[in-house]
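In the two complexes below, chain A is the common chain; its partner is chain B in one and chain C in the other.
And then the complex of A and B:
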């Protein structure tokens, strides 16, 4: 079941899972075609010019090199665009599509430019490694951005990532209040003892992170196991309190899933953005050294 | 979780993703304060609010998102009664990301780009300029001066170094400091081509890429590089290389008339030939079976040279070479040699001829060889030739002969008939004649007479030229003394005066500087005794002899008695998956290469 979800996510176009009326679907296809045509229109002339020059003992690598530099700056500008949301620079969605298209062109041009997958020079090796890091992290990020929003939709609800700690704290307070009320009303310490021994651990912070990341439901099963094991020792009044605590635990389980999935959507950028900045710096250095020593 | 309302968006302070710090309580999974950290990262949540003084009273300013105004209200001194221990705000994710990027950049700049040598703190680290290891052939002599050996801009410092990026820095100019070729180094193929005026100069680095590792072979370039200029570009020898010329590689005749077909198929199997002697029979039998009997395969490169005459041809032909004698001077008769020396035609005025001869006999009787030397100088314009023409001839013998000829008497022969060298023989009238018998192959006197006649036939004026031409033909006749013309005739007839010396010798290997072939590795693969025929196939009906036996003034086109080598023969081995078939296996781009003197002094000291 999980693999089917994964395959669907890989094959799906952005937001293709959402039901669309026919006209909107046609428009999306037109836009996708437009981007594809734009990608080819950008890539083919550069690649062909470089190929032609190389076949004439010309400096074809200069064409691909300068094109790569320009594309690298355009790709890096996506980060600036996100910092300037107020400026009318086009939608983030359009920028992202352009980012992907130009990234694909840059990768193809890099292969043509470098020739060898592992250059001999040390700074060129670093440049190649950084380029690979940017490409691989970018592909991973795109994959996550196609897969995880669907998973978040499946989990249900919406919550701002930065607000999750506060939400967990609120749920914890509510659960503790229910336990205290139950002790006061029922005069039994079974629920409170159980809460201290087991549920308190669960409400402290997000749990079962790996299970949520891989699409599992260990958290839900754990809650059901704990609740059903305790229920036989409780009277009717404590049982009602336990029902409310179970509902809070299930909400917490959803928050945990949001925390992990939204976190994953942010964490890949910890590789992609720094590596991208490094790539810009090393590309500029490469250009300078090339002009000083070889052109 | 089921709706936005359940999260009380309207009651919670707006979270700004671009905030640089986050509340430390949230990171401990507790409720964050409503104020959040200030932009500098200081905690602002030590109290629930900052009460405001209205007149003489303090009013609570706790917002609704934090529970609204408290029941207790501010303390008399204006402080909030709800205090909390301060938290330690932490940077937000975006700030961590920025820090990671800055750190990566800083590490690269500090460790990689900026020099780590404390003595030169701002020098660029060599690693930041490392374009890859040099080929082993270059690594040695660049060790002392490093990059500056080839890259002039490397020696600039500071801003000048950066500014050099805006100048031309093609390192090819430095290549020719050490490398020299038989033609202009910058020209394509080091030569000019009449039919390719569009091809001019080219930078070395377009074909030779350095910094590809110690094991890289700079001289080897991929086939498609050749295709950059050559109209027919291909990278598959077997499928696309043009077929060889039908006469390849036998377009030009050799300097020796040697008919391989007649020798292999007629002479070597002729019972009469084999009956001459046991040595001849053995040689003929071996030579018929093995090419290596005549051709020296040891150390063979472009050509497989034949063994010396004495070891192969002489076995059968020595008796032709030493057979007969050259009748040089004879009283009462104008020999061919006398005619050549005196410049007198045989069918000229008999009385004048007789008078001239009589004068000559007197001069010879008086001056010996000097009289003949004067004649030679007059005929050929060069004195030393007389020494070559009459080498070994005793002066006394000449004087005696001159006296005998002048007195019209006989002379006792001094040498046994048929013995090599100069001698005296009685002619039909019983009068003595000066004759020469060649000693062996390459006899210098006989060779000198042929050269003398050939030079006069080219350089003298009529009628001496016609006389010399006639003499040359007689000397080069296949039945003439020494039988020189039998093998050398065609080459000598075709040679200009300056080429006579070379015409006697075997020509050097074919001068095709842009192609290369070595027999050695092929002979290692084939049976050297019988494998030559794999490529060199005899062609019985070629008309090879016509060129060599053509009459003067009626030259015949040359046809080899070998069939042209076909590309398919090479393809049997040289194809993908077998033996390398790259362009450079058989073709050389450059003209012959040599190093310039003092190339080891590169780097500014030379």
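And then the complex of A and C:
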């Protein structure tokens, strides 16, 4: 209540003009409830009808199979929606929520349809494998999408993924120029020797990827250790050059973190989308074969 | 134009008047205009050879005839031109004006569904590809689209809503509006619409043709050029500007809503119009070598002598803190300053000094209502202020950090700022791709920008409340859409001079070298330099579902927001 009063006062607006944060979260809760109810409303009738027909006529698999095929098409259509941004097909956010809900229903129906996580036939096993790849990569993607953006925010120094290699190259050139200038001015070889032996390795390409991925700071520690180890051999003028190189190395450390975290946010899609496409194709073939030979 | 598979295309570099306001404007009409009293007294020798007076009238003006009852301008529309009544009689409807439903307002042009459906098949990999035939076909180009289908007051379903007596069919004069609608006549020689045109804002009143009315519609560039070189026009425009501000702000301000016409007249008679700072503040702001000047309007500790009603620009409300000032809030059009202290003075009978300071962020236009007038006419009729501006200083200083940042960076100017929640953004660039897909393969923003905590304000046009990018445009290519007030660029009339891009304080306008559809660059035949066009976000103008960037974000990270809600966002989290 106090914060609302503050905001109102802050903006010097009448109360009616202000959206209320409490209402926003209530709305978010309402939307989540709506999706849950929709998910259940979509799943329960199909599951119940399949169960009933299986008991009475032994044809429950037809219901779950056709439902799975329809759901698979709807799930794949999310990718199509992204390619048609000009058409009023609903927001991508709504599509994503529906994608998650229908994905959950499809998984439940798949278990009901296949009867076992690992079916008998070779083709069905392939289908099961691809289905699992889609589900697991989807779950992993969702997990990464919830986890990594915050870590990227914490890293700071926002950068576009495609520009990272060019930025690293620029940093490397700047560092090398600093070393060369320092050698020319000071005449000592300590900085250049150290650069060639260790810092050059660091500036070559993204480093400490696993540490960045798991939230560690090995890169930062490495820079600190290297710089402090080198500093004792340098005079004041070289020390100033080293300060600048340290700043470049720290920026490089940020870029490395962005490289691996943003890369992970993209990488899972390279499994999920092709596997999804393959699943659609395999499911269609499965249906065709079934109708030709089994029904 | 020469074209070839392996050769670059050439195109005469576009100039200011390649696209006149109306191609039908004739020399005879220009001569007729120059003979009128409004123009014959202007010293044509004061105009440069590149933009002579007759050229301005020929290319930046057009003559339009309105039938009785037709609306010439509508309250709330965004205007890019002013009107001079040449013949007939127009009439302005004074506040509170007509209900929206009687104004025949359509929100936007209906979407072109065929084009939308075919859009995926028309995408090209060639960046900034254009059909340059459109640039050379004068008839195929239109100027700043400022006209919609005309609406007539005589066509309303129930005449009783407007008139006391039924309009006679085919009548040459619109009957007087009902007693509840106040109007003012605009006889020949009257100039109107100049406030919205020069102030880059909304029309403040509706004007209709009472009889058949012939008007000269003048692009704001014409108005600017003439007023800069003729003192009579300058004074005329300034008088109109001030009287419009008085009329509209005083009559519509909620604080004065309880006043009757007589009291309002007295308030208007005593009110002063004040202006602080520079209208072209962006020049200072872009040059970030030093902090931009912020002229002080009212200083904490001084004694107030009048209530300030903000009518344009922005003001920073602050209190002294340490060696600097702490921002408590910012004020813009429609806000007021000094009420708490003045009311307290009136209530308690002792003088109360300003508890906060007000400084102009860029420029600030304000009306000052003297204390004596407030004490006599206003304070007895209003309820005591519920909150005091200075009370906001009770919150922790850290809570103001976001506000300080937005004010310092002048993001307060944005009405559709692209705000990205970095804690949600997965950096997938779906927003950029969606933008590119809806703009012929060319993204109109960059997903980078200033950050504060988890918030990023990306480099996308913010469709500013004060779009300073429009100030220097020589052709009027950059303009506000009539409905909605989006700032958009007419590609056909843009000459690529870069004035808008250099004026934008936020670097949100890009100049791009255009190519023919076959991928060859388009060059100036003389200099062999590429032909440039200014590009920026147009909020997906014409798309039925709004900005595609926002709708393409599957994670709800990207929003187009007005700054006020942006501040609320940050304060709420």
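Everything that follows uses one rule, which is that the second predicted complex is superposed on the first by the 269 of 295 C-alpha atoms of A that agree within 3 Å, B and C clash if a C-alpha of one lies under 4 Å from a C-alpha of the other, contacts with A are read in each partner's own complex, and residues count from 1 in each chain.
Definition applied: a residue touches a chain if its C-beta (ideal position, glycine included) is under 8 Å from a C-beta of that chain, and two chains touch if they have at least 3 such contacts.
What you are looking at is a predicted structure, and each value in this text was computed from that prediction instead of being measured.
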{"item": "Which superposed partner A:220 touches (first chain B, second chain C, both, neither)", "value": "neither"}
{"item": "Chain B versus chain C as contact partner of A:38, first or second or both or neither", "value": "neither"}
{"item": "Contacts of A:239 with chain B and chain C, given as first, second, both or neither", "value": "neither"}
{"item": "Contacts of A:160 with chain B and chain C, given as first, second, both or neither", "value": "both"}
{"item": "Chain B versus chain C as contact partner of A:169, first or second or both or neither", "value": "first"}
{"item": "Partner chain(s) touched by A:266 [first = chain B, second = chain C, both, neither]", "value": "both"}
{"item": "Touching partner for A:91 - first (chain B), second (chain C), both, neither", "value": "second"}
{"item": "Contact residues of chain A, present in both the chain B and the chain C interface", "value": "83, 156, 158-160, 266"}
{"item": "List of chain B residues in touch with chain A within their complex", "value": "1-4, 7, 12, 15, 17-18, 22, 25-27, 29-32, 92-93, 96-97, 100-101, 103-105, 108-109, 112-113, 127-133, 147, 151, 153-154, 161-162, 164-166, 168-171, 202, 205-207, 211-213, 224-225, 227-229"}
{"item": "Of chain C, residues touching chain A in the complex", "value": "116-117, 119-120, 328-329, 331, 335, 387-389, 391-392, 395, 399, 403, 422-430, 433-435, 437-438, 447-448, 451, 453-454, 456, 540, 543-545, 548, 550-557, 564-565, 567-568, 571-573"}
{"item": "In the complex, chain A residues that touch chain B", "value": "55-57, 83, 119-124, 126, 156-160, 162-163, 165-170, 173, 204-205, 251, 254-255, 266, 269-270, 273-275, 277-278, 281-282, 285, 288-289, 291-295"}
{"item": "Footprint of chain C on chain A - complex, ascending", "value": "3, 5-13, 18-19, 21, 24, 82-88, 91-93, 95-96, 145, 148-150, 152-153, 156, 158-161, 262, 265-266"}
